[in-house]
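Heads up, the next two complexes both have chain A, just with different partners, chain B and then chain C.
Up next is the complex of A and B:
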């Protein structure tokens, strides 16, 4: 069992060729582009969900911030669908790879910071010092705020990676334990199986919540800089 | 008379709260009437905060440059060269 614990996190290959790009592109198949005035049920449901999410998320933004609507909605749909597809048995979840999450977090964060410095230079620089700081504390606080700024993309990526990876590992362990306990004690195996079901339900919610949290934080960084 | 006193007390309290509102509300440079160097280096105004941040970064850059230049011309390097020459003579 131990040697299989981390095999679900290795990048999959088919006949020696990596197919991770195909796996990353796969969720886009599940979101067909609307081609009619009145679409089918799937597209109508997806459109309704996107409108609901975008209204809630973009309400706080100014006109400049709302130009990021397409990016933010694509982000939440991609991460949410990837996380949910990863809950299928024996599937690979791209968001368990820190490289991929850093590849999403760093450009988005850098985009918000550059936008802020370009259009509101004074306010962006003033962000590094909280209002009303006593004079002796100014240098220390500026250094601390600078470090906290540069930690933001790392925290974004690590948060998503850790949550999804930990959830998958835990499910794998509990599932293995439930299987091993069936020969030892049926009642304990049943309790373990119930725990596994509850954990699976939790993982479904975590998959959606982590997508929302990632997008919300990017949206907040954008709001601070626009 | 009691009513007048109560009215005066209420007005003072409203004035006190208004003052707090001005202090903690959205900052605008026009609201603060600092003069001299305090106008540009106070942590209550946007300009002051920006200038404090820039001064801090420049100070850090100067410290880094100072230590980099100092490490290039350290007297310890010259001392080891002298010791090596003395060793060769003996």
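Up next is the complex of A and C:
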């Protein structure tokens, strides 16, 4: 049992050395590269999943946007696998760290914005003012649109961090409560345990959904700018 | 090892790193700048905090 609720979120060390980089690189081992024309079942299943996701995600993009296919697919696979691996007991989830999520969100968002200003400068500047705005409201709306633009990477990162951290904390709390209640009342402990199982199922879906939402939003920002 | 890294990583990824991801490199520079600023400000505030009690003691 951890000393307090937040020890599972501290960056892990082994014999004094930080191993967080190894933990971040670990999910890549779980995705074998296809090396033959017709692969084994696992690799074929992986290829089918990646093809399904990439077709759905890249259907809306222009030719320029589709050059980001590798980046978007890597992003969804990385975040999804990292979140799912974090549901193993006593494991460390890199996506609970705001620094890591900002490290993913800021370069990708800035990449989309710079792409927009580079290839479609007028259209990118036009995004700061919605169509049909009354003239007296223009200055205020430009300020609001600028703020909403700069909030996008922060929102991306904080959304992922908060969802995953809150889920893990909640599971920790409910698990602790179920354990404490076994000595007090078996029936209430059983109800708490059922709640814990339902919460775990919810966390599996949240892990996948948050990966999809992060990637979809980056894809939408790219679509707006290409 | 470097040769295999070059053959397996750099050669297939070269068009991405050199052309497709140019804007993402700019974003990474921006992120590096933000990290540097935050780290620098943290060190400066920490140094000021350790200095100011010492200065306060000296003025008694």
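Methods note: the second predicted complex is superposed on the first by the 223 of 226 C-alpha atoms of A that agree within 3 Å, B and C clash if a C-alpha of one lies under 4 Å from a C-alpha of the other, contacts with A are read in each partner's own complex, and residues count from 1 in each chain.
The criterion applied here is as follows: contacts are C-beta pairs under 8 Å (C-beta built on N, C-alpha and C of every residue); 3 or more make two chains touch, one makes a residue touch a chain.
It should be emphasised that the depicted structure is a prediction, and the values quoted were computed from it without experimental measurement.
Chain B and chain C, once both complexes are superposed via chain A, fit side by side. Once chain A of one complex is fitted onto chain A of the other, the partner contacts of A:138 are limited to chain B, with no touch recorded for chain C.
Contacts of A:129 after superposition on the shared chain: chain B is touched, whereas chain C is not. With both structures placed on the common chain, the touch criterion links A:115 to chain C but leaves chain B unconnected. Of the two partner chains, neither chain B nor chain C is touched by A:78. In the overlay built on the shared chain, the residue A:221 is in contact with neither chain B nor chain C. Of the two partner chains placed around the shared chain by superposition, chain C is the only one that A:106 touches, whereas chain B remains out of contact. Within the superposed three-chain model, A:92 lies out of touch with both chain B and chain C [touch as defined at top]. In the superposed model, A:70 makes contact with chain C only, not with chain B. Here's the short version: in the overlay, chain B gets within 21 Å of chain C at its closest Cα pair. Within the complex, the chain A residues that touch chain C are 67-68, 70-71, 102-103, 106-112, 114-115, 118.
By the touch rule above, chain C contacts chain A in their complex via residues 16, 20-21, 23-24, 26-28, 30-31, 34. The residues of chain A lying in touch with chain B in their complex are 122-123, 125-126, 128-135, 138-139, 142-143. Chain contact summary for the complex, chain B toward chain A: residues 27, 43-44, 46-47, 49-50, 52-54, 56-57, 59-60.
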